[in-house]
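Shared between the two complexes below is subunit A, which has subunit B as its partner in the first and subunit C in the second.
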Partner chain A sequence: MATTAVAANARRRSLRRNRLYLAGLTPAAFLLALFFVGPALWALASSFTNRALVGLDAANPRFVGLDNYIRLFSDPDFGRVILNSVVFVIGSAIIGQFVLGLLLALLLDHAQRRGFLATSLVYASVLLAWVNPTIIAGFLWVAMFDYYNGSLNSGLQLLGIGPVNWLGQGPMLAIVIANTWRGTAFVMLIFLGALRTIPTDIYEAARVDGAGPFRRFWDHTLPLLRPIAALTLLSVTIATFGTFILIQALTNGGPALQTEVIALYAYHEAFQNHAVGYGSTIAVVMLALNFAFAAVFLRWSRPRV
Partner chain B sequence: MDEVIRRQITRRRFLQLGAVTAVAAACTPAATGTPLPSTGASAAPGGSAAPAGSGAPAGSAAAITGTINVSYPDEAGLKPKYVEQAAAALKAQYPGADVKIDLQKVGDDDFYTKLLLALDSGTGPDVFHVGGTSAGELADASYIEPLDSYVSQWADWSQYPDAVRSGVTYKGSVWAIPYGLDMRWLYYRKDDLQKAGLPADWQPANVQAILDAATAVKNANEPNVLPYALYAGPAGSSGTADHAFVPLLWAYGGELQDSSGKWIGDSPATQKVLTYYQNAYNGLSPKEILTETKPWTAMREKLGNGQLALLYEGGWVYGGWASADKAGTQQNVGYVLHPTESGGPSFTVGGPGTCWYISSRSANKQGAWEFIKAMNSAEIVGKLNAEDPHPVARQDAAEIPEFKSDPYLVASTAALSKAKFVAPDPGYSKVIEAIQKVTASVAAGEMSPADASKQYTTYLSQALGADKVTTQS
Partner chain C sequence: MTAIPAQEQLAARADAAPLPRRKGRAGRLEWLAVHAVFLVVCAFFLVPFLWLLSAAFDAKAKAYIAFPAQPTIMNFVRIFTDYDFGRVLLNSVFVSVATMILVVFTVALAGYSLSRIDLRRKDWVMYGVLLLQTMPIAATMVPIYGLARQLGLRNSYLGLILVHAAIELPFLIWLMKNFFDSIPRHLEEAAWLDGRSRFRALVEIVLPLARPGLGIAAGLAFLSAWAEVLMVVILIDQDSLKTVPLAFYQAMRTQGGYTEVQYGVIAAMAIIYLLPVMVVFFASRRLMVRGLIGSTRGL
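Moving on to the complex of A and B:
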């Protein structure tokens, strides 16, 4: 009897405490529902229809069951699109933004701790790539890579070489470089913040124990960075997976399908070919893949004992 | 047999277009008496298809009031002054009416997508200006208003030849009013060809001769001169079909559809076209066409200034070169019809051009129609087409001196008698997508012509349904 009263009291207390949290969460939950869950559910519903922007299907959209999914998985281009997306994510998000961002953060942190003066200059120049709107970043790289008027080819011409068709000969490399340049600053910022939270005495103790720089990084820095690293990796992977403005500005998926990634493919189907139902199907598959990434990374981020 | 019937129909249509030619250029004397096509184009049925939802009877003299929203794309900057002129004329005639003009300085594709999104959400302008080949899919989507009851009470409609009407007729109704027709030329730079040892009045003996001329230009090694530009891939937009794949297909004796209306995928002609692509992209046509945004900007600019020797393009493109440098253009830019596999210049690809439509959801359809009438007066149509060179859609517009005195316009109008048209079919936009994908694969060197031709069948079947696609061997 007494125990149940205690339990009820505890429940009431926890409810009161949680009510505050719930109230705090409501605006965010509302916005998420409005801008994420709502459209996602709309896309899911659309993916079971033949909705189109023009033609007979626009006048009479109807439920087509799994037709779009069957079509997608027998689409001769879909395998290529997935492969392109994987290459783009590994190349520009994981190897590019993540590894480069981490290295830059370590370097800057080290330089800062030693009072190196040019640190802020480097910091600012990396940050500049990030503060540009994506479409501007895209055009900056078009200005660089363009065959006829690009600065790379103009430079080569001064040396009597070229011109080189950068976007035609190495289209995937070009978009990987552009996206790496664009997103490295974000990773660097996060890691710089995280590195500053690591107390210096940990390193001093390690140094006293005779650990070299690599050992100190592997045994102390990396484990402490792991939770933040996983979240960063998750966010850059998802952002890169959904990248399309940058690629649209640079190659628009071409030549042929060489840089057609999943987000671009969904856009092209829905808004260029006006097949909204089919485009939504691609978007739903993309969402499912993002959930899978999230599950893997979040699992990895759990601190290990 | 089927092919023979199709050819006859096409030839008949050519001859009707000769009527336009006769007026402007007096160069197809035998054409005018040809019978009408059985497309129902002439069926301006005595007011039978009354437009749903429009209050006043079409063509009545009732005063027009309220706002008329007009939306159109224009990147070249040639149309705005005529749109303003039409709006002013309408406002002068109907003081109670107001015209709100929404000029979109974007490409036609972007404009179309934006328009479709607006129409899909139940909004959008009263009057809009998009390609006449979209009439079928827009009508199927119930976005546009049939214009039969309007044109039946419009005296000027008699100025539009049946062949022009049939280009905007779908399922027996007229859906749009064209101002100028599309036709295309194989342009060549006389100066570049001469440097490559070819005559200034070059005439390709057959399709292969285009590639031969391009090879000669390439071997001449003139700095900064590209031999040839062939539209390919999605980046080429509808030009990949209308300025490249379709004329090549016809040149090689192929057709887009068979006599039963099925789209033809893999065929000997398709394989020949894709082999032509392979050869053209083997060092003659720049691969940047596959990745540039709006590759035609550079292509057109370079032909205009002599940095590109050969280009099959829309007739209207000539206007840009002529307005920049008329004498230089007349001296250096040659133009011929498209050759065939075994013969010289003999045909062009025709089309209804960009047309004016009324939204089916418009609350002011009568006002919208009055605007279209004002915009398509003989004077505006004549002047606009003289500046933005197209053969005129209404015959009397070619009577103005600007039009009659221009040898290029006279030649373009005459060429209509040699034009072959893509049949109005709402499936064509899906076919264009398939064409874009396979030409890109071959141009990028990813696929052999034979494989790409088979892939063309796959893409067509996927987009249109296997029952609407056939192959030929």
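Moving on to the complex of A and C:
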């Protein structure tokens, strides 16, 4: 009898304590509800209406069922937008940031082990491009890509090339270059961290066995980096998928939709065409795609919670 | 988005074992090859910033790098006289510091509570929080605008502070929860037995042990509130409430067309915008790298 009384007492105490903890969670829960869960539900609700930014439909949005979704999936522009997003992600996240970041990490790790002093300068300059506010990155590359005076064309002309009309003729390449510049540090940092954890005696053993540098990289470094590489790849894909301000600053989706990615499309429909309901529909599709990627990420990484 | 395992690896950072320097011709060749690549990499990453510096101090700044023909600080003076930048700066400092305080308070409480609470499916709650962190701001921009308009949060300091406090919250809650998990419960339980209240035990015993986490939270909250531009653009259209990102955004977007672009003035603004970011970041680089890696998502 005594033991059950003690147990009941303990349970009561823990329940009382739990109530305190629940109270401690309320400010955070309030903010998350207001700016994450709320907007997602608001977008979902609006996507079934003809809500507008101004005019009669702004005050009294009407329920239109699946009209917005039917319109979206028969919208030829939307196909273009999805294609642009895919090209942008493959170009800047996978080929640009990931490959360049991995190569830089290997180079810097090696140079640091050799004791080259310039290593930290290179490290800092890659980081600098990453920490500066995105809108500044946009401004810097607007100037770099300038047709008449830009540093890029001035430099190319010294080599006898150009001038290239970056933002007019090759806008996708331009935003891919700018986003690679901005995001490479993330991948580099992760691989630098991963490389430090590889025990060096593996290499010593391989060297004694007569394996060359390339062989050692292929047989030992690469397999150890593979799990982290998959996660990093997914991570930069998710981040690049949401890129907005950099593209808005450089091309604003133009010319003629050539760089219009999904985030810009939602914004333009809602704020320029005043079609908030339709813009919300695009946002819902974007969120759904994002959650699909994120779910895969969480499954693969199984974070310790 | 968060790269969780990588973060732990960075934190572990076993020091890289030095390689012996190669001697002779092979060594010199290797040195030369590595530094040639270094030069290209540095050029790619630094040229835009070198241009920014040269343009900000040039009376007739153009889009290409040149040592200022007429070195001047007039660009910096002009942003204060022509663009009312004093007011703008004050707004930004106020919003960023208020956001920082709110975030530290919120995540300390939430992280601690989540760490200690008894929930049957706590791991699902944590996965849910991580999922929120992956939501791109660009996707929720339209609904946040609509919600804020209905709730009267547009054109107010309160709206700006709340939304900026929320942006990095999911990651920071997750981070702080893990910090508190590593602090043994018996420390605070001993304090309770000593007669301290729950709250005093948290403030006096537990929080000092979670200082690195609180440092990351404070730094990241300040940086994100200072730098974030999308939310300011959709929430503010009163000049008296303008913050630095909005002033910069407007100055940049109203240029061009038929008028000559005032590169010098915008560059001067960019430098003031950039300065606190660099100070906070490079002053506590290891903490900030950890924070930024964990919270990376598209902007």
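By definition in this document, the second predicted complex is superposed on the first by the 234 of 305 C-alpha atoms of A that agree within 3 Å, B and C clash if a C-alpha of one lies under 4 Å from a C-alpha of the other, contacts with A are read in each partner's own complex, and residues count from 1 in each chain.
As a working rule, contacts are C-beta pairs under 8 Å (C-beta built on N, C-alpha and C of every residue); 3 or more make two chains touch, one makes a residue touch a chain.
Computed from a predicted model, the values in this text were never measured in an experiment.
Q: Have a look at where A:Thr197 lands relative to subunit B and subunit C in the superposition and call it first, second, both or neither.
A: Only subunit C is touched by A:Thr197; subunit B is not.
Q: Subunit A residues in contact: does subunit B have more, or subunit C?
A: The partner with more contacted residues on subunit A is C.
Q: Contact-wise, after the overlay, does A:Ile161 reach subunit B, subunit C, both or neither (first, second, both, neither)?
A: A:Ile161 sits against neither subunit B nor subunit C.
Q: Using the superposition on chain A described above, determine whether A:Val6 touches subunit B (first), subunit C (second), both, or neither.
A: After superposition on chain A, A:Val6 lies in contact with neither partner.
Q: Check the residue A:Asp109 against both partner chains and state whether it touches subunit B (first), subunit C (second), both, or neither.
A: Second partner only, subunit C.
Q: In the superposed arrangement, which partner chain does A:His274 touch: subunit B (first), subunit C (second), both, or neither?
A: Once the two structures are laid over each other on A, A:His274 reaches subunit B alone.
Q: Taking the superposition on A as described, I'd like to know which of subunit B and subunit C A:Gln258 touches: first, second, both or neither.
A: Only subunit B is touched by A:Gln258; subunit C is not.
Q: Taking the superposition as given, does A:Leu222 touch the first partner, subunit B, the second, subunit C, both, or neither?
A: neither
Q: Give one of first, second, both or neither to describe whether A:Leu66 is in contact with subunit B, with subunit C, with both, or with none.
A: A:Leu66 contacts neither subunit B nor subunit C.
Q: Once the shared chain is lined up, is A:Ala249 touching subunit B (first), subunit C (second), both, or neither of them?
A: both
Q: Can you give me the overlap between the subunit B contact set and the subunit C contact set on subunit A?
A: Subunit A residues touching both partners: 142, 146, 148, 249, 271.
Q: Would you mind writing out the residues of subunit A in touch with subunit B in their complex?
A: 52-56, 58-59, 71, 75-77, 142, 146-148, 165, 167-168, 171, 249-258, 268, 271-274
Q: Considering only the defined contacts, which subunit C positions touch subunit A in the complex?
A: Residues 1-6, 9-10, 12-19, 21-22, 30-31, 34-35, 37-38, 41-42, 44-49, 51-52, 55, 62-65, 105-107, 109-110, 112-114, 116-118, 122-123, 126-127, 129-132, 134-147, 162-163, 165-167, 169-170, 173-174, 177-178, 198, 223, 226-230, 245, 248-249, 252, 263, 266, 270, 273-274, 277-278, 281, 288-289, 292-293, 296-299 of subunit C touch subunit A in their complex.
Q: Which bits of subunit B are touching subunit A when the two form their complex?
A: Against subunit A, the touching part of subunit B is residues 109, 113, 116-117, 120, 134, 137-138, 140-143, 233-235, 286-288, 290-293, 298, 426, 429-430, 433, 437, 440-441, 443-444, 446, 455, 458-459, 462-463.
Q: Tell me, which parts of subunit A touch subunit C in their complex?
A: Against subunit C, the touching part of subunit A is residues 14, 17-18, 20-25, 27-29, 31-32, 34-40, 42-43, 46, 51, 104, 107, 109-116, 118, 121-122, 125-144, 146, 148-151, 154, 181, 186, 189-190, 193-197, 200, 227-228, 231-232, 234-235, 238-246, 249, 263, 266-267, 270-271, 276, 279-280, 283, 286-287, 290-291, 293-295, 297-298, 301, 303-305.
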